[in-house]
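Next come two complexes, and both contain subunit A; in the first it sits with subunit B, in the second with subunit C.
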Partner chain A sequence: MVDAGFLVAQLVNALFYSSILFMIASGLSLIFGITRILNLAHGAFYMLGAYIMYTVMTALPGGASAVLGILAAGALVALIGLLVEAGLLRRVYGKPEEVQLLLTFALILVLDDLAKMIWGPEYKSLTTLPWGSLAVGDYTIPVYHLVAIAVALASAVGLWLLFSRTTLGKKIRASASYPEVAEALGVDTRRMFMATFMLGSALAGASGALAGPVLTAYPGMGTEAIVLSFAIIVIGGMGSILGALAGALIVGFTRTVMAVVYPVLEVALIYIVMAIVLLVKPTGLFGGREVERR
Partner chain B sequence: MVEVSMEDVWVEIGGVEVLRGVTIKVEEGASYAIVGRNGAGKTTLLRTLLGILKPSRGRVTARGRGRILDMTRTPPHKLAELGVGYVPQGRMIFPDLTALENLEVAYGGPVPGDTLEWIYTILPELKRFIDRKGMYMSGGEQQIVAVARALVRRPSLIVLDEPLEGLAPRVVKSILDALREIKASGVSILITESGTISRVRGIAENAYGLDRGEIIYSGDLDGLERDPEARRRIWGL
Partner chain C sequence: MKPSDYWALVLVFALLAVAPALAGPFYTRLLATGILYGTAAVGFNVLFGYTGLLSFGHAMFWGAGAYTVAIGMVKMGLSFPASLALSLLVVGVIALVTGFLSLRHTRIYFAMLTLAFGQLLYAIALKWRSMTGADEGIYGVPRPLGDVVLYYYLILGVSLVVLLALLKILKSPLGLAFRSIRDNPFRAEVVGYPVNRLRLLSYTISGLATGVAGSLYAPLQTSVNPESLYWTFSAAIVFMAILGGSRVFIGPFIGGLLYVFIQDTAMGATEYWLLATGITLGALILLLPEGIVGYIWRRLGGRLE
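Up next is the complex of A and B:
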């Protein structure tokens, strides 16, 4: 008989991990869905979020510093996203994909080195998580995990509201379908792309901030995150927020369950699932039809 | 009111000169048809006029609401703010937005009730599918939304690129009726047409004939049919 406390603890673990993955993958998917830029440096933005969280939490003690750290990571990484979009990526919109990939790959190297210069090459971890923990039978559940899950849920609802209920969200969707037509009808598409890039970057920064205290911050930590994010958006469907949520839950639960049941296949099974989805539904579970852009 | 003009405009796409020294003027309160065969450069001309394409040389200017815009340097959305609506070729309705949301995007916010009522008086069929997503509309319904979308800012000029192309006769009649009503309400029209000019009679009183990127006729619409050069180069008569 499996212990109920163990099951609850594993469920929270899976949800926590899925939450982190959802936030990073939804940002990546959003940026690709709207601007058609596959931003390899998205993982490096996630890493910066983790470092910003570490800096804030070591400078200011107490639970409030964690909230401040998440907000600061989201805001600062959004600002970095703005600089990257306006200074670099705007020049490669519509250019061949290899140009975009090379540019964003170069950005990973630059940001990784920048992190080493500022924070050093060693792992940065916190000894304790804020807000304590709850006891469930013989097991404990960190309240921090529950907060992270709530933040991810709030992000999902916020994104849904933005894109379905606000004119800004509809303008962004219109700019994704036919940018030239949207522009001629009065939409400042350049601003829409910029806003999208900032939002996607903020999600990467906030997800890094949430993950940092649990997974530790280190140079290059974005690489694993970006590879898993690609798997998630392939499973869920490029450009779909709902797809990112479904993909994150599938990957998060697969990995958590396999880590307990059969660790040898912990990572491999994720890519097996991805391959099956690609074979059965190449556009992903929630990927729609591709709109030809002019 | 809005006035737009092109002066000795040359446009090159993929190494091919698609427009060659085009000069046209769309004056306030007047309506024009740009008539030419398929591939004559009509769509390129409109896209250049709107600032979507940038010419290799020449001037494109828009005047209205106390402002003068150099469209060779200005992003196209500024022209919409000046009071120019646009119906693109192939309709290009935003597929995952409803008809009302398509209008909301073009208006820049929730569409005021009186504006929507005004559009319903011109395009009464729109009411039937106002909450339907673009991807679930027929071609005719999409064209009605495309025209409504161009009207939602209450423009002084609307630019329509082959709005009758590929539509059933019943829908063509609906769109033509709507365009006559739009013109009667004081909105100027600039429309492209690759077929006969009879369809645009009553919508445009002036015409430019376009062939292989060159303006070959400029004058009143009926004069185009009588001009021997235009007859030969546009209709092969």
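Up next is the complex of A and C:
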């Protein structure tokens, strides 16, 4: 008989990991859905978030600094996103995909090395998480994990409200679907693209900030995260927030369960699940008409 | 005289044939790496430049080739030619399976899928310790002919054969069919080409060429590690192709050679060589989107794809 406390602890672990993945993947999917740029450096943004969190939390220990760290990571990475969008990516909107991808790939090399320059090559971890933990049977559940799950849920609801209930959300969507019409109606599509890129980047930064203290921060953590985000988007369907949520849960739970049951397939199974989804429903679980055939 | 694909190939390989006499062992080995990178990039470009499909997973063919030769020679005690044959078989099967699945999409989706399948192989190599040595990889792969310079000529010879075969295919009616799909898949379908099967064929040919290059790489290094399967190496292969120029046959080959030397120069110059490489490559792609060879080719009055 498996211990109930163990199951609850693993459930929280899986939800925590899914939350981190959801925030990265939804940011990536959002940026792609609107600007048509698949930002390979999105994972590097996530890494920067983790490092910023580390810096804030080692400078000011305590629960309040964790909140500050998450906010700072979101804001600073949004700012970096703004610089990247305005300085670099704006030149390649509508250019061939390989130019866009390679430019953002070059950006990974630059950001990874900048992180190494600022924070050093070694892994950065915190020995204790803020806010203590709850006891469930023989197991403990860090409150930090629960906060992270709450933040991810809040972002999911926030994104949904933004795009279904607000004028800004409608303007952003219009800028992607009908740019000429939107312009004619007085929407500054350039600024909408910029806002989208900043929002998506902020999600990556905040996600990294939440992940950093648990999963440790290191150069190259972004290149790992970005590929999992791809798997999530393929499973869930491109451009769908609900899809990103479903995909993140599938990947998060697959990995957590396999890590306990059969670690050899921990990562491989994610891609096998992806292949199966692809065979059964090529547009992903929640993907709409959007996928191009040719 | 207008530049031609055959003459460019002959010229480049003639220069590479005399190069070891001038370069020391260090640079001979670096050149050998460049030749293999270049061959892998030309293989990639069969799919990208000639068939219009951007793969971000070609490290899977490179790495699968390298691992199979290493496993064949070290773990199974096979000879080099037998290992190479086994590696072609393995790469071919991987190409057919991942191609069948990935080709349900095109464009950016296809790129993401190939990338994800590459990561699947990476995950397997990282976890299957008894076969692949996990994160340490496999050491002590014997180098055929022993000496680096002799092995350099073997690499040069095999690469030339691969490139000539690819050029022959691309100039044949099959190559024209690939181009027709690249230029307008709808029209190609209406004209009666079996678009999906031809794409899978191009994908497999492309993967095999990259796989041969990877297979020759393991004995050159005398080792293989999971980095050879990681997606950033797939991105590097794309970079080589664009750097040299995807619209000229020889372009990606030169791109591979250049990539090795840019990386080596950056490594020698600074501890932060990734930063330097990133800035150089980013600037090149913005300033010369047709690639270095593409630019020179056009200036000389050559025809671009």
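Assume the second predicted complex is superposed on the first by the 290 of 294 C-alpha atoms of A that agree within 3 Å, B and C clash if a C-alpha of one lies under 4 Å from a C-alpha of the other, contacts with A are read in each partner's own complex, and residues count from 1 in each chain.
Convention: a contact is a pair of C-beta atoms (placed from the backbone, for glycine too) under 8 Å apart; a residue touches a chain by one contact, two chains touch by 3 or more.
Note that this is a predicted model, so its numbers are computed, not measured.
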item	value
Subunit B versus subunit C as contact partner of A:178, first or second or both or neither	first
Touched partner set for A:120, first subunit B, second subunit C, both or neither	neither
Partner with the higher number of touched subunit A residues, subunit C or subunit B	C
Which of subunit B and subunit C A:167 touches, first, second, both or neither	first
First (subunit B), second (subunit C), both or neither touched by A:98	second
Touching partner for A:62 - first (subunit B), second (subunit C), both, neither	neither
Subunit B versus subunit C as contact partner of A:267, first or second or both or neither	second
First, second, both or neither for A:189, with subunit B first and subunit C second	first
Touched partner set for A:158, first subunit B, second subunit C, both or neither	neither
Residues of subunit A contacting subunit B in one complex and subunit C in the other	291, 294
Subunit A - residues contacting subunit C, complex	32, 38, 40, 88, 91-92, 95-99, 101-103, 105-110, 112-114, 116-117, 223, 227, 230-231, 233-234, 238, 263-268, 271-272, 274-275, 278-279, 282, 291-294
Subunit B-facing residues of subunit A, complex	167, 170-171, 173-174, 177-178, 180-190, 288-289, 291, 294
Residues of subunit B that touch subunit A when the two form their complex	50-52, 75-77, 79-81, 85-86, 88, 92, 94-97, 101-102, 104-106, 108-110, 135, 149-150, 153
Complex interface listing, subunit C residues touching subunit A	48, 54, 56, 101, 104-109, 111-113, 115-117, 119-120, 123-124, 126-128, 185-186, 230-232, 235, 238-239, 242, 246, 272-275, 277-279, 281-282, 285-286, 289
